[in-house]
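Worksheet: one structure, shown below.
Chain naming follows the written order as A, B, C and D, and within any one chain the residues start at number 1.
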Amino acid sequence: MTAATVEKPKRLTVHWGRWLPAYGVYVALAALVLVNAVITDNFLAWENLRIQLVQVAPVVIVALGMAVVIGTEGVDLSVGAVMALAAAVVPIYLGYGAVPAVAMALLGGVVVGLVNGGLIAGVGLQPIVATLALLVAGRGIALVISDGKLKEIRNADLVAFGNGELLGLPYSVWLAGALTVLVALLVRKTVFGRQLVAVGGNRPAAQLAGLPVRRVLIGVYVLSAVLASIAGVLAVARIQSSDASQVGQLYELSAITAVVVGGTPLTGGKVRVLGTVAGALLMQLVVATLIKHDLRSSIAEMVQAVIIVAAVYAARERGTR
Amino acid sequence: GKAEETGGTGTDNAAAAQQTASAGPGGGTCTLQQYGGQKIDLKTAKVGFSQSEKEANPFRTAETKSIQDEAAKLGITNLTVTNADSKFNKQIADVEQMIDQGVQLLVVAPLNSDGWDPVFKKAAAKKIPIITIDRKINAKHCTDFLTFIGSDFYEQGKRAARSMAKALDNKGTVAILLGAPGNNVTTQRTAGFKDEIAKIAPNIKIDFEQTGNFSREEGQKVAEQLLQSKPGISGVYAENDEMALGAVTALKGAGRKAGDVKIVSIDGTRGAVQGIVDGWIYGVVESNPRFGPLAFQTATKFFAGETVNENIIISDREYDQATAKDGLAVAY
Amino acid sequence: MLEAIDVSKTFPGVRALDSVSLSVRPGEVHALVGENGAGKSTLIKVLTGVYRPDAGELRLAGERVRFATPQEAQRAGISTIYQEVNLVPLMSVARNLFLGREPRRRGLIDTVTMNRVAAETLRGYGITGDVRRPLGQLALGAQQMVALARAVMVDARVVIMDEPTSSLEPREVETLFGVIDDLRGKGIGIVYVSHRLDELYRICDHVTVLRDGRRVHSGPMQELPRLKLVALMIGRDVETVRSEGVTGFSEESQVADSTPVLKATGLRSRHKLHGVDVAVRPGEVVGLGGLLGAGRTETVRAIAGALPLDEGTVEVAGRPVRGSTGAAVKAGIAALPEDRKAEGIVPGLSVRENIALAVLPRMSRAGIVSEKRIDEIVTRFMERLRIKAAGPDQPVGELSGGNQQKVLLARLLATSPKVLLLDEPTRGIDVGAKAEVQSLVDELAGQGLGVVLVSSDAEELVEGADRVVVLRDGTVVAELTGDAVTADGLLGAIAAAAEKEVEK
Amino acid sequence: MKLSVEGVQKHGALAVLALVTLVGLLAFPGFRTVDNAGTLLVNAAPLGLIALGMTFVILTGGIDLSVGSVFVLGGVVAAWASQYGFVAALVVPLLVGAAVGLVNGVLVARTNMAPFIVTLATLLGARGLMRAVSTEGSTTYLVESQPFKTLGNGDLLGVKWPVWIAAVLFVAGSVVLNRTGFGQAVYAVGGNTDAARLMGVPVAATQIRVYALSGLLAGFAGALNAARLGSGVTVLGIGTELDAIAAVVIGGTLLTGGAGALSGTIAGVLLLGVIQNLINQVGDVPTAYQQVVSGAFLAVVVVAQTSLTRLRSVAPV
């Protein structure tokens, strides 16, 4: 900052109104870990923490894509269906080996992303509608491809990918971590990242400033779908079976919740990548806590509702009055 | 009672077809005359089958296929199949619509036992016989519906309890992986299991009950949490095979050995029976989905003027270490 | 009538109002002036219940009042036209006019009466046409007139106008002044905010000057000489102001007789443009004149690639430009939009991000942006345009209107354009900044840029432009060059075109 | 003829509905029967009521994901309350639905939280509540009150009561939207919230009211459904909210708020019903294909509509 630009430095001290939305989710996460350390047996055991990381990994991967989409003031309801699609595609090509099968699954993601992006950027549909159509149709296609049947996965490479470990952590966790770093860099350091938040912040303005708005939007939906495909493959590898009717069910809602709880506003123009990861972890720990303490599903659901409201309340953008 | 051979012959899986166990306690009987319907020839009749859930899990796949195959075998050309995709209101609309279209026999796999008033009202006006399969409908026999063919879920729960008691030698702590909440199947399989455990093995403590929604993934997730918070658990009762298989994957992931935790489940899918062979699952109580032969046989009898029982309870197999290997041939 | 006493208001990081008092008497037109960001709009929002003051009190007719919502202020008889047009674009013109006080019949809204009265009322403001169509289809100026009609329709005791003329035509400004005279006659108090000094001296009785959130002067309008007013606003002494002059345009600019840097030919777009030709040579400032809805904005948008064309070509330095905004920017065309809020700023992003927005690809290697190079240009342009912000990281949405405009200009200049398209560049900008922008335009032209200037301010247009192309209904009706570029010449050309229209 | 943007949008949905219905009439004898029409309408009624409330919410630029849960909850409490008579069976679900809606409304209006996430939370909350009052979903209350059953199953002039009720409420809703101050406020809030506030529209009150209305109608739909089914079914399936949203959007209401009409929503609801009905008429379409067809259809209708709107925006005024 140069002195010349700051004619009137009238900034006050740290302002809660800005601080809380940005860091509230970390505080909540820390608090929940502390509470669990006290009330839950074995909570701090490495095995337990590892399980939580493993379970949250696919949600994190999907949520990363969702965060980027939401940054453009969009939403991608089709992620769960894309996971199912990936799950359906994998067994078909598994005969050629794990790598071609995974490649085909990712290719499927690219196609869905292009359709989503095309409908949104090209035709001009509202994201929620376009991706709703793919949520319905995508799972249908997955069921058609898989003939509507559950398939057991026995390919050793793929099973190893789902359950193997490196330095005490499963590959899936490493993968989620690496993708987090990549997406964070993408958002913060690249032209694409800057452009996408601008598109989310004010699309006509971005358009007029000569930004490749369509390309950015299509890119964002492709990214989201590819990440969802990865999560789908991961899910298949982990449960060692492919069931297009089950894989990815309601993932769209988990992902959106993670993103919003993590402090990214649904109104676009801002992406909090680390917040999203923290949001996913928070929701994972909430569910884990409820299960570990054997709460009935009625109570568990109501508790979750309250926690979501509380977390988002803390993370909301405050208006000035 | 001893099972009576009723299954059709000639299917690739003749031995696997359902067998009736009993006429069901307390049930009445019904004839075409009492029902007030008309005698029809099944071959040329319009038949409707309403499936409740997507044919993704092996049970539903086998169920729908069995109906379709049997109809084809009998030369029934006019079979309409609808699928409610787990949406109850859609199933009501589906069935109502089939009645409007003039079906003369309805086979329904109901998503829920209650809530069928509008269908009964419509079907009664046209005297269309309704055969419900796998789940019962709570209604007036011989007025609202003709017969129920299916397993006794409560009994399945009890048998699972006996299997579990045997596995644990009547002591230990057990976790239940519940089916989808609100589902009649869940309710009855839970009640049967708990009642029987309380009766025959009071030293077995039920320590954990969480829903796995009948899905493998959720079953696995819940089991993973369970194994962390209650590492000392000695048995897991999974209310369907999918969740049991999820639990097996969780056990493997946690580095447990086969047979460490005794798993008992219900359904009898090939995957689960294989699980017994591999030593990961202790026992599986069958819930036979091959309703086709029995359903059409009952309908034929009914239209021929014979007496039909209110409840036709099928006899379900049970697989354990001893029978699993052979069972693989008949498991679905 | 309406009084604010020692009102203060602080936003996160900014003290927008610091113990400001204001007193409006019945039948008085009270000017509220100050630089961009001085706090005028904030004061108005405090007066009308949009913001709650941190300290101080409001009095209406001597009684202490507190407004929790704009609605309460309106009920109390305070009617407001806000700075940015604040109506609902998707609702019909009539429904906008009557929103919240629709005529009723048997408890239900009487749409027939509503539409009839709306049509009658608006005709008085020069707006004809179907009042049932969505308001968003009206030109910005017409929307402003609807807002005016709406504010005046109620039995208000005080009418507040925040820069009402910024998007009005001279003809409409006259209509507005007529309305103000009427209101004054009825004993209604008026608060009037404007950066156009001529207007202030024409209609205002009293003036309050704000600077940096403080009141620096309050007194009768006529007793305050123009230079003194400007000096008060910008906080410098009269002598300095006198020596610097008020308009930023220098007398003559030398236009080389070279080939045009921008050549737009035969621009056609259904219902909007019917064959417009514009050519700009390097160093030349070409003005686009015409009445509201003449197609000036559309012309500019067409050149910038933002309006799909049915026919016509745009060339920059002899090379054709494909019709997209991206291609236009790449070719060296930079456009300043008319509607700053909707199409200009990205409010949530910082000043820095906004300035760098259009040049990101150039500030990067292999897709990774170079923060250092961005810092360089941001610093350069914030200094050069004297952008007033807490720092480069302040969100642009929090800046005052004028400073937002400067950020946009910085964004354009950062692309090192060959052609600048400026649609109402000084709308809502204070005198100081206006002069700065104007001299900047001059300077840029001097450096060989071609500039297209659209302005509803005839004065500005003729002073700034070397040549003026007059439009009407999407076609060029006249071109003023050389000595003919005068305000009278411009008005004459517009009037002549209008007469021709009437004869037809 | 002059058509507004809204006009084209709602007529677009009606046109598609007419087209699809025509195809159905020509192609399937089973579709042409009076019985079939009755079945179609009575089954569309609950979704219609939910979509009615959803239209109000979406017009303000919001969204209500909780309606599916409230629908189920409403049915369960209606069946439970029917033991205390007709009035209880009707009033209790309305109150419960309105209460959930009120929570939504207050959170959205007063805390600046996104409606999507607020109502996603209450979706969970209402479902938890439903399970809590039905012993984890295992208790199904039977409807005890005969008059209440008649409300769901009886008919007037051959048309079932739920259909009459839905029709009347849609007409009433249209009047409210077009001819009352509240209706204008709904459009204004959705069209431009800031402007609406500055123009003196009670923004927060309007938001609270639309969510309460949406909850109320979802609860009512649940009650009517329970009356028809004769019991408070707990497994009505998830996704009702998405069907309602799809119906509203197909009906041409902008998800961003501010423009749309109830006639479009009716068309949207009926369109979903007709498609489903036609798929069943074909007879043996595998579930998987059914979903592909529904999804593709949704996309096609919305794409068609968007294109229509765009055509419109360049036409002369």
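Everything below uses one rule, namely that a residue touches a chain if its C-beta (ideal position, glycine included) is under 8 Å from a C-beta of that chain, and two chains touch if they have at least 3 such contacts.
Keep in mind it's a predicted model, so treat the numbers as computed, not measured.
Chemist: Along the shortest chain of touching chains, how many steps lie between chain A and chain D?
Modeler: Between chain A and chain D, the shortest chain-hopping route counts 1.
Chemist: Please indicate which chain is farthest from chain D, where distance is taken between mean Cα coordinates of the chains.
Modeler: Centre of mass proxy via C-alpha means gives C as farthest from chain D.
Chemist: Roughly how far is chain C from chain D, centre to centre by C-alpha average, rounded to an integer in Å?
Modeler: Computed from C-alpha means, the inter-chain centre distance equals 43 Å.
Chemist: How far is the middle of chain B from the middle of chain D, if each middle is the mean of its Cα atoms, in Å?
Modeler: Using C-alpha averages as centres, the distance is 34 Å.
Chemist: Could you give the separation in Å between the centres of chain B and chain C, each centre being the mean of its C-alpha atoms?
Modeler: Chain centres of chain B and chain C, defined by C-alpha means, are spaced 72 Å apart.
Chemist: If you average the CA atoms of chain A and of chain C, how far apart do the two points sit, in angstrom?
Modeler: It comes to 42 Å between the two C-alpha centres.
Chemist: Please output the residue numbers of chain D that touch at least 2 other chains, ranges allowed.
Modeler: If we look for residues of chain D contacting two or more partner chains, we find 131, 136, 254, 286-288, 290-291.
Chemist: Which residue numbers or ranges of chain A touch two or more of the other chains?
Modeler: In chain A, residues 143, 148, 297 touch at least two other chains, as defined above.
Chemist: If I apply the definition of touch given earlier, which pairs of chains qualify?
Modeler: A-B, A-C, A-D, B-D, C-D
Chemist: Along chain D, where are the residues that touch chain C in the complex?
Modeler: So the residues of chain D in touch with chain C come to 2, 4-5, 175, 178-181, 184-185, 187-188, 190-192, 194-202, 254, 258-259, 314-317.
Chemist: Looking at the complex, which residues from chain B come into contact with chain D?
Modeler: 54-55, 79-83, 85-90, 92-94, 96-98, 100-102, 111-118, 121, 180-184, 186-187
Chemist: Enumerate the contact residues on chain C facing chain D in the complex.
Modeler: 48, 50, 69-71, 73-75, 80, 82, 86-92, 95, 99-100, 102, 107-109, 111, 129-130, 132-134, 137, 150, 270-271
Chemist: Chain D touches which residues of chain A in the complex?
Modeler: 75, 119, 123-126, 128-130, 132-144, 148, 253, 256-257, 260, 265-267, 296-306, 308-309, 312-313, 316-319
Chemist: In the complex formed with chain B, which residues of chain D make contact?
Modeler: It is residues 30, 33, 35-36, 39-40, 42-43, 46, 131, 134, 136-138, 140, 142, 149, 152-153, 225, 228-231, 233-237, 239, 276-277, 280-281, 283-284, 286-288, 290-291 of chain D that touch chain B.
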